[in-house]
Amino acid sequence: SDTPRSDTSAVRATGLRAAFRSVRAHTDALAAPLSPEDQVVQSMPDASPTKWHRAHTTWFFEQFLLEPHAPGYRLFDERLAYLYNSYYVAAGPRHARPKRGLITRPDAATVAAYRAHVDAAVDALLADEASLAPEVAAIVEIGLNHEQQHQELILTDILHAFSENPIAPAYDPEWRFRPASRAPGAVALPEGIHTIGHQGDGFSYDNEGPAHRALVGPVEIDRGLVTNGDWLAFINDGGYDDAALWLSDGFAAVQQEGWRAPGHWRQEDGRWHVVTLGGLVPVDPDAPVCHVSYYEADAFARYAGRHLPSEQEWEVAARSGELADAFGVVWQWTRSAYSPYPGFRAAEGALGEYNGKFMINQMVLRGSSLATPPGHARTTYRNFFPPSARWQFTGLRLATFPT
Amino acid sequence: SDTPRSDTSAVRATGLRAAFRSVRAHTDALAAPLSPEDQVVQSMPDASPTKWHRAHTTWFFEQFLLEPHAPGYRLFDERLAYLYNSYYVAAGPRHARPKRGLITRPDAATVAAYRAHVDAAVDALLADEASLAPEVAAIVEIGLNHEQQHQELILTDILHAFSENPIAPAYDPEWRFRPASRAPGAVALPEGIHTIGHQGDGFSYDNEGPAHRALVGPVEIDRGLVTNGDWLAFINDGGYDDAALWLSDGFAAVQQEGWRAPGHWRQEDGRWHVVTLGGLVPVDPDAPVCHVSYYEADAFARYAGRHLPSEQEWEVAARSGELADAFGVVWQWTRSAYSPYPGFRAAEGALGEYNGKFMINQMVLRGSSLATPPGHARTTYRNFFPPSARWQFTGLRLATFPT
Amino acid sequence: SDTPRSDTSAVRATGLRAAFRSVRAHTDALAAPLSPEDQVVQSMPDASPTKWHRAHTTWFFEQFLLEPHAPGYRLFDERLAYLYNSYYVAAGPRHARPKRGLITRPDAATVAAYRAHVDAAVDALLADEASLAPEVAAIVEIGLNHEQQHQELILTDILHAFSENPIAPAYDPEWRFRPASRAPGAVALPEGIHTIGHQGDGFSYDNEGPAHRALVGPVEIDRGLVTNGDWLAFINDGGYDDAALWLSDGFAAVQQEGWRAPGHWRQEDGRWHVVTLGGLVPVDPDAPVCHVSYYEADAFARYAGRHLPSEQEWEVAARSGELADAFGVVWQWTRSAYSPYPGFRAAEGALGEYNGKFMINQMVLRGSSLATPPGHARTTYRNFFPPSARWQFTGLRLATFPT
Amino acid sequence: SDTPRSDTSAVRATGLRAAFRSVRAHTDALAAPLSPEDQVVQSMPDASPTKWHRAHTTWFFEQFLLEPHAPGYRLFDERLAYLYNSYYVAAGPRHARPKRGLITRPDAATVAAYRAHVDAAVDALLADEASLAPEVAAIVEIGLNHEQQHQELILTDILHAFSENPIAPAYDPEWRFRPASRAPGAVALPEGIHTIGHQGDGFSYDNEGPAHRALVGPVEIDRGLVTNGDWLAFINDGGYDDAALWLSDGFAAVQQEGWRAPGHWRQEDGRWHVVTLGGLVPVDPDAPVCHVSYYEADAFARYAGRHLPSEQEWEVAARSGELADAFGVVWQWTRSAYSPYPGFRAAEGALGEYNGKFMINQMVLRGSSLATPPGHARTTYRNFFPPSARWQFTGLRLATFPT
């Protein structure tokens, strides 16, 4: 089914320790095709090295789980908190984000040892799961979800680095983009009051609440995603040259960045190709368009005489189960700015910095992508990026307002 | 009353020609205390010279009213469209915004002659108002509202220039900030479906529609504004140093810009002063705080354990008539990003560029300020600025969500 | 004659008081065609407003002459030192250079009053010239030379502002560029030891000494200047597109700035025009090329299979009296970096900051330009600008090394 | 002895093939302590990854030697020219310099194979050295000198990367800075005509000629280098805070970069340490100061009441054999801007881009450093860097002008 299980259901099925082992192993599996050279570089300030992701997710458990809750835990190396704290002001000073790519040492083997050291301590802590305090279990759970987010970033960030390389290396030469479901038609939502946001006792991030009632509709939301074929028509119709189609900031980005096509696209021998995790391949018109910014998604909607859905509209439509490719293909830009839900307040302490302090200058994406770990996303999940970002697996679906 | 008449009611009362004469004369009155020297400078890319405002509002009538609708109209000087088009791509190429301050010629006297030339032609066109085509009358009406917006900018922009001057000149030495109403308590809004946005046949901007139904509440919105006294407590409690109170981008702005207090504030002889239109004066603790950015407003709300209202909440509360200082003191930041209302589509043609293409990376402010011309604002009016902007007359009121 | 008298000879002929009156009056005469609007703008950080030049040269006398040496002198306005100190760290804090264009007040009339106030005090001090202490007379003399430098800058800076204006205003509609002397051939300098730098008791700047012996030649230096006609050939031969002709930093400047021709040139109706003090006029092929950067001068020399002379070579050639247009047309780039002469040490005190601290990242120009006040330059005079600067009246002459 | 042999003498002693093998092997030896991770990163646009240095020096032989002069040579991989051409416009398009650190593939092993492939081809070409055309031998010779320059850069660039790492890794834990010779006194040079620049038939770079006569002296040049102890006194006397000691651009750099000490220095536990190739060690007061920019060298000379020598003065003094530590410790800033010698003209073709196009905005350093390969430098050698550069092994010696 398109609707992913909540991560928590997996946890409940297998137990915390099994979930921990599984998530941690998946990170290592993702890094495995990458050499230490591949894992150390940072291709832009917004992207991070693979090695950094591997170490940072480990630091997260050390800092928030082991130090406060594992009696007698010995730090692997006290210098690593400075290097691998991302943005938690309350957790102390940290290395400058744009300089993550300069840290050749600790080397990849040391980071592997760091992971093993922390894994052993967490494993021991989780041995007697039944006696675990609920607040400690909650930290494990957020740590696992956190690591899953970085699993997606490992893929998007290395793809960005490879896309900057003239020889366009492949992460996995066998990798292929999944074609779009051919799902015609739209989901019609009549006006109605719905509860938006996460309810119940499964895991969710703080930004998915408070759940609250909202009036949604009438609106019709396409069942299918916009495809590369649609996008090629936009390009060939001069979409990137027509200021009237764009937000003012968007057209400024087009001109400053020299955008002529989605991210990672290159023209070779007169034909559009795209750098994928499988290397450079011709653009497939039937695949969903990917690596478009919000600015491009918005311009395309205007070009098509359509709209982007709001995140509330998306959530209600997804809940209906009628959307195709809601999950697992590309994140879908909504027209909603990333704002706090009514009455939102960040939790106390460093983990309160997780989501709340980024609720400005970003747009919400819903669903999940081919790079999202299974079980990670859910209907209420709110992803967010600045409107100019396009190195993630980002696409769009369209909506219509009845008149 | 606090609730302003719609501009259109003035137009209806006096007729278009009288309204035109009145608005145009008000612009000249605002510029009168400023020398040609004062009128030519541009203190930052976001601010424009007074002379430019005077010429640009004139060009607006020439371009959109006289050229297409006044038979036989002769351009004052064909080179001026390039200089005084602001951002209308469909109206042709234009001078770079950050270089508006370099145009010492045409001089102030020539711009006055330009205004007179256009005024005479519009006056003639409006002589027989009854026979005016409705679409032509509509252009006059938007031109008047447009000029009123620039009237406010004339004041905010020259104040910014003066605030950059070490000797802090006064625009009008008699000018005094209006003290806040002492309005205790809050307006309680229970959950309810309300129509948001402009309805009826009075004038409004395109961004105020489509009117649509929305669920608002429960929320309580303070009747009064946050004051300088409140803000001094925030400063003295270390508000500008405590990263935990700020959005991440907000704290970055604090550090990069060196913010220690609201805009135009200076410490002299150990006491906070502020550059106002009346010159440098001590900060009055009883006056509403002004010249704060969204970042600061948001941090203050968090410091106070409160929230900013959404624009919909503000609109419903304002309609109740119970808010104090809703209009005419300071624009009030809301927590709403500036987004299109459901189904919004910009009009065809250059005037469709008026508002829609700016619906990104900005936050909505509601109400109006001491610098807003009487009759210009209304309950559905949506002002918007980037979250870092603070040279406008911007303040805040707070809200609480019942738990 | 081409060789200008030293300024000092004028002083000696007429006396200090007459020289003071004459130089000060000349500044006012230069500013006279400019309105207060024209006088207030700053078109780039390197250029200053006319009003600033008028006030700064006045502050120079107040700060360095009147305050220390005129008993009982009363400051005109104690706030002006902050506004009109340029870069003298020892004279106290000062307004940021890029913000000089924001100072609309003090207005032009106040600056005129400031000039009159200081003029009266200096005039009184110079009434009994014979009894003036030599060190005080020396300050007057440097103050006059200083003001003459700013006289040239008044013209170059306003021309830059006008060149940024699409309507290309004229400073003086009657102004015409002086055609080049048609001076064929070259001055041949055999190897010889010469004294370089200023000697004797006339006025000179500190950077013209210490006089020292240097080996100069063999070299041949063209008697005439490079012309616009020569430059058009360079343009038409693709000079601005051929990286091989350029210094690496120079070609980067070409690409970043989009240089296709000298400064202030514009193509209109398929023909090159240039914004001059007389307004926009067709480029005259017979006139010396002007407004070229060092990068361009260097590239042109390479294109021509020639070299730029060193400043020592220029000085020896100029001393021979055989160069045409050595003075009074365009400053001539030399291939010499602006460095201290052997043993140079800046004077103590604020006036020691005059020249010495700029001896890096700049190239020496020799001669003088049409904008240099008569009597200001001399054979040993060292002007200097960064290699990318081209808003001054800068051109070149070529040299050959015998092989 | 302090005076290094010319590289050419080594070539002459052992033959080209032996020299080729020796130089190439030395590069590999320098890279050996560095992991592939270490070798891939670029810590700033001016520094390059070790792997890039290894590949670029190989490309140099492939491009300039093998392609034109080795019949039947097959390119290792035709995509590498784009990646490993540094700045030779005539050799075709190239990868952007600031993005060298993004090239994780080709990996280190592939670059090793590239080196082996080219080494074999060159070895074959040099097998019959006697029959080698002189112009081909000349290309080998410049290729070897080129590679030696990059050998020094391998060390300075990795040291910069390590200095940016909070844990300060060691390139070689055994590495120690060589203490300065304790050489009191000065070399006195009376006025005299000397030939400056390279003469004779040994190897030299194009920028060392044309040899020409120049008048040098009188001047006295210290036999010894400025030490860390001297520099600590400068720091403790407030040298970095006193604008009067600095060039204007230099003090701006101090403020913008936050310089409080030489490059790679860190204060730990209240004491100055420095990141060296041997890791973080306490600053040794007896060692020559290293990693100072020209701005700092110039400010120190002013602080000491002394001067920097010119490059001509240095060359004549070095030729006397009386300078201590002229070679092999730190490059020594001179007060000479990097300019062409009289009559200099770059060679035709891509190799003419080697030095000439950088003769602007840089200062000359003389001597050589501990990182310079033995036999590489010579008395006429001209090294050059921008005045703000301090990641090289750069120090200074002082001079006095008799009065």
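Going by the order they are written in, the chains are A, B, C and D; count residues from 1 in each one.
Operating definition for what follows: a contact is a pair of C-beta atoms (placed from the backbone, for glycine too) under 8 Å apart; a residue touches a chain by one contact, two chains touch by 3 or more.
Bear in mind that the values here come from a model prediction, so they are computed numbers and not experimental data.
Novice: In contact with subunit C and with subunit D at once: which chains are those? Just list them.
Specialist: none
Novice: Among the chains, which is located farthest from subunit A on the basis of C-alpha centroids?
Specialist: C
Novice: As a quick test, compute the distance in whole Å between the mean CA positions of subunit A and subunit C.
Specialist: The separation of the two C-alpha centroids amounts to 58 Å.
Novice: Roughly how far is subunit B from subunit C, centre to centre by C-alpha average, rounded to an integer in Å?
Specialist: The answer is 45 Å.
Novice: Roughly how many whole angstrom separate the Cα centroids of subunit A and subunit B?
Specialist: So the centroids are 37 Å from each other.
Novice: So which stretches of subunit A touch two or more other chains?
Specialist: none
Novice: For each chain, which other chains does it touch, given as pairs?
Specialist: Result of the pairwise touch check is A-B, A-D, B-C, C-D.
Novice: Touching residues of subunit C toward subunit D in the complex: what are they?
Specialist: My answer: residues 87, 89-90, 191, 193, 213-215, 219, 243-244, 246-250, 294-295, 298, 307, 310, 335-337, 339-340, 342-343, 353, 357-361, 387, 401, 403.
Novice: Which stretch or stretches of subunit A touch subunit D in the complex?
Specialist: The contact residues of subunit A facing subunit D are 35-41, 43, 51, 79, 82-83, 95, 99, 101-108, 161, 164-167, 169.
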